[in-house]
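Order of writing sets the chain letters: A, B and C. Residues in each chain are counted from 1.
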Amino acid sequence: MTSEKTKTEAKTKMLKISLEKTGLLFEKLSAAGKLYIPVDGAAGASFEKWDGKAGEANKFEMKMSSAHNTVKSAKDVFFPQTEDLMRFRVNGKKIEVTDCSDYLNNSNNSNNSDVARADNSAQNEKTANNIILFGVRACDVKSFEVLDRVFLSEPCDTYYKARRERTVIFSMACAAPRETCFCTSFGIDPSCPEGDVSCIADGKYIYFEIKSEKGERLMSSLSDMSDISDILESIGDSDPESVASRRREIKRRAERLPLSGVSTEPFGAGTTGRYFSSPAWEELSATCLGCGACTFVCPTCQCYDIKDFDTGESVVRYRCWDSCMYSDFTKMSAGQPRLTRLERFRQRFMHKLVYFPENNDGLFSCVGCGRCLASCPVNMNIVKVMKKLGGGAGD
Amino acid sequence: MTETAKKKEPLVPLVAQIVGIRTDTPDVKTFKVVNTDGKKPFSHIPGQCAMLSVPGVGEGMFSITSSPTNEDYMEFSIKRCGALTSFLHGVEEGQQITLRGPYGNGFPVNADFVGENLLFIAGGIGIAPLRSVINYCRSFRERYGRIDIVCGARSPRDLVDRDEALGEWAKDRDIGVHPTVDRADKNEDGWEGHVGFVPSYVKELGFSPDRTAIICGPPVMIKFTLEGLEELGFDKSRIYTTLEMRMKCGIGKCGRCNIGSKYVCRDGPVFRLDELDALPDEY
Amino acid sequence: MQRTDRDALVRRAVSLMNDGVCDRVLAWRRGEFSSDVSPGVFTDTESVEKELVRNFFCGANLSKYLISETEKTEKKVLIFLRPCDSYSFNRLLSEHKFNREKVYAVAVGCDGTADIGKLKRKCGALSDIKRRGDKIIAESLYETNEENEENEENEANGAERVFDLEDVLSERCLSCNLKNRADCDEIISDGGRDAVSERFFEVRRIENMSSEERYEFWRGEFSRCIRCNACRDVCPACTCEKCVFSNPSSGVENKAAANSFEESMFHIIRAFHVAGRCTDCGECSRVCPQSIPLHLLNRKLIKDINILYGEYKSGESVSQISPLNSWTENDADPSEVAELLERSRSK
């Protein structure tokens, strides 16, 4: 895990807030950084920047979604669907490179001879640089660990790192997991999510448990704000037990989910030989459209493309999400190693279930969030793959 | 890595300049590259690659063909086949490009190769990554045993590095250079060397299997040469090859150049045959 | 239950396979829950008997799969065609996308399919969904949908919720009114639903917005697009072997929009590309993970084509000629187009 995530072991420091005061809390949080919360929209829930203006009697326009989870994960907060990486000014035979990364505006390292760094004097307000992600489910918190493995491993992706480092995650325990959920298969506890501040709601209150120094820092910066004591309360004597019983109830619900029995046991490092040539891929991939829906809603998919765009004045080199399901993903002038839909389909699942754990100490790059089950146009998904292959079709 | 180097974004390239262009064959040119200060852009290990780009045209991974012992500049031998390479074939000296790297593992020139008899087998542009190794080994000649080089091409005029191979390398003591071409018109090309495909020539030459073989070339050549070497009794753990895949990041993150759990840009491009055998058959 | 039930499909598939007529069956395969249905290719009778399903959730049309499946066999591919799919079938056939000789087409009836998104938004976590006549009974996993307790608007849900069929039907099914139009080898039933809403109702609603409202409406919808290409990949009128947008050598290949203008243009251009060929099957909207009502763009063009060149429904027959590919004396003159379309708005 990331180094900044030093857990404040055992020392449980809990606070609570009455549910009707969440809007007031969001107002405070948005003063401490750029706040994202899940909100309802025409296409279901999505993480949006909170800008709920306070109206009468502290009623805020922007409310937290009541949906179980967002249609897309919050990964684009760290890894946007498109982002400008650098800008080239081409003048005859000469080229000039400018790094576009936003973090340059607020970091002290500059003066790289070959990279013209942006001026950093303009933006110096400390808090404006914080990002606060509120209401992240346990599966998605885990997905950030998967993304960290990719982007923060050497050589570290500084665009990702800059955003990741200044983000404080308020996770939220699940209340009513969906029929598509199977996070417990990956050892994730939906009742007690990781994160910088772990939250759980019981219908009356949201309870906050600080889990990292980063969370601690943010919460203490809140305590300096005026009238925060009217919003955040200390917990009472009976609260720990009511939280514990709430967690037990969520766990019980998770155990009874229809997909809770999906097993990762047959997969992991060293199983390539067992599954790669399985005849099951044929049937599994037969009706796959080869679209990128699964990869784009997936919290752990992180493949990207780098492309140039000529604005007329300069060439912008940008990065955008890419999908291993796309036919041109591995196409090169000299040939195409994954020519068929079957090969591309296989790559996606082998990567999540075998290759990734092989390179990352057994960590699967699926967190069981169930988004692909909900979004796939043909309802083909990782659960079906795991059941079919794990059920012996591979041998 | 130093603290400042760490902070530098790996995807942001440095600006370099083409200071020399040599036409090797009708579709291969070799570019001499230095940074904006006129110095070699960075150091590398033989077999490593760099991401070379012309903004607005494209970015591509190319093996560094010059030897690390060359302190003055870097060379890339590039075959014209796509948008970027076609553009490069049209540029003049003084053209700036961008460069990032070095990427990949490179050949174990200071480990497994030391003390070994080496057999280099190259087909067409496949000589590009091997040239760096060959010249490195020539610089430290005493560290290695006998060196043989089989290089093939479609025709005599397609032989990349022809002058260097048949001139400098062939003159060296303890280096055998064995060129071959698929076909030659004696009257036109004045070719007096061997005519035939690389795999069969390798078998014909009958190298003893107590060597380390290093192969690079088109997939079909690699495939049949490997079969030939195995027939000659070569051990898979002593055969090396270098692979080509579509790459975007060069640092094992963009997700496209993997074969099984190995990323060609990060874990390769150099693989031993026994390592390749352990990977799924996707290449 | 569907107008044509599962057993009828299984019986036909098994006997056609046993008789050696077909060795591949294009139908629907059951998944993990009742709503989890995939289009499926069956290659043996055992899996047909075990896994073939025909229910309210068989949303996917099958005919586009004939392009690849007919290439994989020497025998015939059995396909079950619903009324809407028969139009796509004809369309593909008229463009010679597959060999009719390699297909055994069976017409099946249809009572409409669910808008799963709609259902899930209403019910939260589903355990099972059943259909009883014109009612849909959705069983929730929980006694109450406690999700809502986190919010102020607390609406307790029962474990079982009953919906009118029409409340959870796909929009495309509400205005269906189609009969099977394909020249099928066999007809089990050729009927579809009777329309309960007018086909261009939604189009008209958008037409009647002010241009600012309309711009804002589509900008909002398109802003959700994630460029997954599902709409294109499922579309029976999008049959280019290599779409320009995924062809690196086309010069316009693009995985991401450079700006929001381009984002909108992608879908508008696509709608124009398939104009006159779109069969109005509604698959683009069904598959969109971001619930963008893409089929309304196509319907707008269909409506305009009808006004300018006379009633036309793509896929009604194999031999038809698209009004955009032909000229008749009755075609609207370019000078009257604007006026004709303007006049049609108020209707």
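As a working rule, a residue touches a chain if its C-beta (ideal position, glycine included) is under 8 Å from a C-beta of that chain, and two chains touch if they have at least 3 such contacts.
If you're wondering where the values come from, they're calculated on a predicted model, not measured in any experiment.
Asks: What chain is most central when centres are computed from CA atoms?
Replies: A
Asks: As a test of understanding: of all chains, whose mean C-alpha position lies farthest from that of chain A?
Replies: B
Asks: Distance between chain A and chain B based on Cα centroids, please, to the nearest Å.
Replies: 40
Asks: So, what's the distance in Å between the C-alpha centres of chain C and chain A?
Replies: 31
Asks: Report the inter-centroid distance (CA atoms only) between chain B and chain C in whole Å.
Replies: 51
Asks: Can you pull out the residues of chain A that are in contact with at least two other chains?
Replies: In chain A, 305, 322, 331 touch at least two other chains.
Asks: Mind pulling up the chain B residues that touch chain A in the complex?
Replies: 1, 4, 6-15, 35-36, 55-59, 81-82, 85, 91-92, 94-98, 219, 244-246, 248-249, 251-261, 279-283
Asks: Which bits of chain A are touching chain C when the two form their complex?
Replies: Answer in residue numbers: 19-20, 41-44, 46, 63-64, 66-68, 71-72, 81-82, 175-179, 201-203, 206, 253, 256-259, 283, 286-287, 289-293, 295-297, 305, 307, 309, 318, 320-323, 326-328, 331, 373-375, 377-380, 383-384.
Asks: Would you mind writing out the residues of chain A in touch with chain B in their complex?
Replies: Against chain B, the touching part of chain A is residues 85-86, 88, 90, 93-97, 99, 101, 107, 109, 112, 114-115, 150-151, 153-159, 272-273, 276-277, 302-306, 308, 310, 315, 317, 319, 322, 324, 329-335, 337-338, 343, 347, 350-351, 354-356, 358-359.
Asks: Which of the residues in chain C end up touching chain A in this complex?
Replies: Within the complex, chain C contacts chain A at residues 31-33, 36-41, 43, 60, 65, 117, 120-121, 124-127, 141-142, 145-154, 220-221, 224, 226-230, 232-234, 242, 246-248, 253, 255-258, 286-287, 289-292.
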